[in-house]
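The following pair of complexes shares a single chain, subunit A, combined with subunit B in the former and subunit C in the latter.
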Partner chain A sequence: MVPILTLAADGTDRVMLGGAYVVDDFALVFKGFFLLASYVTILMSMDYIADGDYKEAEFYFLMLISVVGMMVMSSSRELITIFVALETISIPTYLLAGWRKHDERSSEASVKYFLYGALSSAVMLYGMSFVYGLSGSTLLADISVWAGNGDIGVIGTLAILLTLVGFAFKISAVPFHFWAPDTYEGAPTPVTAFLSVSSKAGGFVGMIVLVYAAFAPDPAAWQTFMWVIAAASMTVGNVVALRQKNVVRMLAYSSIAQAGYMLVPFAVAPDGDTAVAFQATIVYILIYGIMNLGAFACVIAIARRTRSANIESFSGLFYTSPTLTVALTAFLFSLAGIPVLAGWYGKFVVFASVLDAGNTWAIVLGVVVAVNSVIAFFYYGNVCRVMWFHKPVDGDAHPIRVPAALRLGIALTMIGTLVVGAFPQLVAHVSDLAPFAPTFGG
Partner chain B sequence: MQIIQFLILAAFLFCVGVYGVIVRKNSVLVLMSIELMLAGVNLNFLAFSAMLNDTAGQIFALFVIAIAAAEVGVGLALVILIFRGFGVSDFNELDEMKG
Partner chain C sequence: MNGFEDWALTLLVFLPLVGAAVVVAIPRSEEGLIKIAALGFSVATLAVAIGVIADFDFDKGGDIQMEVNKTWISVINANYHLGIDGISLPLLVLSAIIIPLCIIYSWNHFPAPHNPKAFLALMLILETGMIGTFAALDLVLFFVFFEVVLLPMFFMIGVWGGPDREYASIKFFLFTMFGSALMLISFLAVYFLSDPHTFNMLELQQSGALDISRATANLVFAGMFMGFAIKVPMFPFHTWLPDAHTQAPTQGSVILAAVLLKLGTYGFVRIAIPILPGAAHDWAPWIGLLAVIGIIYGALNCLAQTDMKRLIAFSSVAHMGFVMLGIATLTDIGINAAIFGMVAHGLITGMLFFIAGSVKERYHTLEMKRLGGLILQAPRLGWLLGFTCMASLGLPGLAGFWGEFPAILAAYSPAAGLSTEVFRSFMVVAAIGTVLAAAYLLWMLQRVGMGHIPDEWKDHRIADVQTSEWLAWVPLLVMIVVLGVVPAILMGTTDDAVQGIVKVIAAAGK
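Right, the complex of A and B next:
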């Protein structure tokens, strides 16, 4: 954390290896975010891993390797480095998802995640090989020159789309989301939090870098693709989340829908102010990370006693553990985007980017966002209703004992959610970043 | 143009790999199909690298080989885990969670 702050105070961009690896404000913001997010994830893991007779040292080792991959990802501006960073993020998480070795569901989670992950990285590499062959370079700066040259042809478009598919998988956008609900449900819950926040943000960082630094001059190749997966992710994620009985599975679908909101600025970026869209995605990722980690921390704390994450097992929670109930309610309302909690500002910047573009397709997408936000109220609200108004199931009136580390994790994310919600200019300032050099053409 | 032949062969390898991943049930064969896809990718990189007279493609291919080895290592570990633990050698038989 300290080197990042000193570099941030220094303010100059550092460029290494001929532009392949840079340390600029964008990289520093995300390095800081990844460090904080993994810190909170480790706080959440400590008691979970210690209680469950799992291997402890290897768990943290693999998690930190994955964090190293994220650090590299936020600085890389070159195809080989991006690929290596993506695999460094992914491979340890395949293993982490299967950490409950004797539970068939955990192994299933791991196998599904691995299969889809390996398949999608092969598809992404195939796209990258054509991007390299057509542009003649692996540096994103050179690729943007190629994309700006006018006609890149059918193969060029296909190459760009195949490359983006790999990242669409990583961020679990519909229709590349099939692994996500099963993996999220089967994996140990702290790992699920890690996958749905850090690993997803890692995929988004790769996508932001590729789209804004390399493919930006040719929006015709990818704008429609982004529009479709953004709309599909929001709609499918929210509608399927409505009928989930398990809170973790519901959060999995909700995180698919949230990925859709984050994709919206990509789809409208070429039509409006690029900087607005660029910052909208970043702000949304940062806010989503804080509130989603908080929600998972609360679910872990509650599931320590209930031993299940079924929505019914949450009933009457207010009568036994009011603090935890209030915290979880706050995080869920924040995810739904109710003001004063951080989530509203994320929604606000997304809408701002849509209005900034202002043409018909952008407005249609804005309407999709609005409708989906309303749908989301139902399932977030349902969990809260069960917790506040139903009677406790088992008649166990003892409050849930929350371990100190987990309590610290909840407190940190709660402070983050409240402060960012009340003073959004804090994040707005942090991510007041200039987009990368290439500008949109066409 | 010489390069076309390489690209067609690479595309063929890649498609055979995709077909294998989708159709094959046995977990080891699925892993081999993914390797086949990556072989197609590597051939692409090498062909382009030779055409452009640029070494970056060869370096990329080396990285792909190294990382594919790591990935298959994890994949085989998972195969052994599900085979020893649950007596299953077929990824498709794992379907506890649905919906």
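Right, the complex of A and C next:
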């Protein structure tokens, strides 16, 4: 049933080609990405959901609703549609986070996520209403004209910031990240993968559209904000991740840090070639999606036996399940940005956007990225250290049996990681995507 | 032979990788088959390398040969651009020789926890990274190969290493990661500052491609310097090396000493100096200073060591100091000496680590206090140690001499524009370094090789050199002698290319 559902979703891609709103290359790239990501997520969920005593049909139903929200998001170029899309993405995930309903932590995850989500939606809607009130339109094209009119005043700046805060929550940027670690840890792991990849990318798409298509002409209003949350996300995410004892929680903090890398091009975009920065974020999101899904798939596979995602329980995995260990190692080092795994190209384009801007603030941010890359290696490397260098704990020498669907998911993401790493031209193809019409003003 | 030239380098780079894939595909229980496959692929790579030597036009050593230039990542103008000249050829061949020798040595010397499959696969991946780095002519491609080397080494030390392996492997990784992050930033800076934007090393070397102020150039050079100097390693960035060497398995130490360290010095000769000759001029006295500090500091540290492997590791710091001093003179003779030094150090120190590994296997310790009388107990092994020590301390007639002596000579008259006084004082210090080198190497030989057999080992039978060891070592020994007697083989190959670089420097020095 699941593959059919997925294929049906795959079919909608073509149907929506002529659909409402803008269907440009940007929208298509992300639609494709969301479909593939959800396909892999569903592969990861199949055995997890079937093994536990969970409702299956509703699970996939909700997940697909959320995917529909992402589809809409990548095409929408208007405030209300963006808001509706964001809520369509979010509301099903509030439920999904609490799917393990006999587990207190899962319920906590769900409630926490819901409360923070509702609050941030309210803040965002408040901001949007100001934007509408000031610009007189909900169409992004009209808003960009308003933003380019010179002085938009304190209220205008406030309106833009409030709107962006909503998205900062969605992508779990510091300081709007407090929900993420608890939710990621408590939610069923496939849902965590979904939240940290698809749902996060959904938030980023909204952010990209808003910033580049609407707010671009007035960078003074948001550039500092972006700089600060980018630097804070990277630093806080990485430093806190160092101290985690649970792999899923560590991945949660690492995904906060990764969001920071993706925000970097926003912060430097007005000073350099806009196209470079615009593409850098997109390329990074695509690559991040592939490798992070892979990492989660491996963790799910391993946790099937160890029954926990505690780092210690990964000891000596290399001796019992070498293939799985090599796979997880590859994904983690890809996240750390080691060539020839895909992640290096993401880092590379981020550095390129920073150096293209070339002014002092951009360079400072670049140094922050560099230092953080080294910090990040510590905790990614730590997991690998435990898996490779330690002896198995319980002396259980049987290899972990990985179900076919999960194996397929790992294989797909692994191929993606290697191929993209060796031939970055494939994702770099988004260079054909020109940024949306409005250009940056002073 | 035109067809061969088109694909020779690509084959050379990726054949080991294919080998690694094949090794991974063989089930773990088929140990013999795994070893044969790994050896087969590495020997095939060596055969291709010999083919490359045969095809290489030695009269035009200064020109890039067998060039391959295909679009790779068109967005950022990065190309799949390979090619070799007289400078890269010897190092490329050295890498292709060392790996099969290590595999032969591994035949029945697998360090715990055994697992030949993973061990050999990592070794082959390493080979791809090393050969790729020496053949790359595109900065991005160079960076990728440079980094590919990291992971296999990290795991080699971490899984198969000694008691402190976790600490050593992570230290190794973090140091090099940090350096390469700064190096990457410098590469990107070069890209954005050049007009038109390019990562092509050859284009960047032409004057006018990179029209930037001296101050900016110095800053960019600093980034590259960090990346390469950590890899060399130069004082004061060398602290990862003794740990990595001491903890690594024998094969890991050999590869590390023989080839990996050369990636850093090669980076200076191939990238940093020709692309930023002006900045190289400004930096040269400082590089020279760090180099001689490295020579003396490494030598003094050697004298304080009680562990044989650690001593050899510090001797690497000293030897690489000579190489860097040669480079810092920015003269024809100095850079030629540096490249000779790289190859000679690769052969000799690789050999020393092999012997240390074999000693460790027989005595289960490298603590020099507990060793002694090796020449009495295992005469062949003992004399080999003696021979290699002589080569290492720069005895004329053996390879080590031609790396050290011309480097010191070059410091007598450095390139125009560099202070003669400063470099002459470097020369004096370096000369003192050679005396110290003789002291610590002879001291090691005396404590390990000579004297009486300690009571602890009196009743043990210590096996002399075994067949697999002979097979792995004889090629190294032969090359040490041949290069020592006829240095022109190597000098003649590198000279044309080096003169090209010196011309670039001279043009910028005015």
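One rule holds in what follows: the second predicted complex is superposed on the first by the 420 of 442 C-alpha atoms of A that agree within 3 Å, B and C clash if a C-alpha of one lies under 4 Å from a C-alpha of the other, contacts with A are read in each partner's own complex, and residues count from 1 in each chain.
The rule is simple: contacts are C-beta pairs under 8 Å (C-beta built on N, C-alpha and C of every residue); 3 or more make two chains touch, one makes a residue touch a chain.
Keep in mind the model is a prediction, meaning the values are calculated, not measured.
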First (subunit B), second (subunit C), both or neither touched by A:137: first
Which superposed partner A:314 touches (first subunit B, second subunit C, both, neither): neither
First, second, both or neither for A:26, with subunit B first and subunit C second: neither
Partner chain in contact with A:59 - subunit B first, subunit C second, else both or neither: neither
Subunit B versus subunit C as contact partner of A:146, first or second or both or neither: neither
Superposition-derived comparison: subunit B or subunit C, residues of subunit A touched: B
First (subunit B), second (subunit C), both or neither touched by A:105: first
Which superposed partner A:333 touches (first subunit B, second subunit C, both, neither): second
Overlapping contact positions on subunit A, where the subunit C interface meets the subunit B interface: none
List of subunit A residues in touch with subunit B within their complex: 79-80, 83-84, 87, 91, 94-95, 98, 101-102, 104-105, 107-112, 114-115, 118-119, 121-123, 125-126, 128-130, 132-133, 136-138, 181-182, 185-186, 240, 244, 249
In the complex, subunit A residues that touch subunit C: 279, 318-319, 322, 333, 338-340, 344-345, 348, 351-352, 355-356, 358, 366, 370, 373-374, 377-378, 381, 385, 388-389, 423-425, 428, 431
Complex contacts: residues of subunit B adjacent to subunit A: 10, 14, 17, 21, 27, 30, 34, 37-38, 40-41, 44-45, 47-48, 51-52, 54, 56-57, 59-60, 63-64, 67, 70-71, 74-75, 77-78, 81-82, 85-86, 91, 94-97, 99
List of subunit C residues in touch with subunit A within their complex: 71-76, 113, 118, 140, 143-144, 147-148, 150-151, 154-155, 158-159, 165-166, 169-170, 173-174, 177-178, 181-182, 184-185, 188-189, 191-192
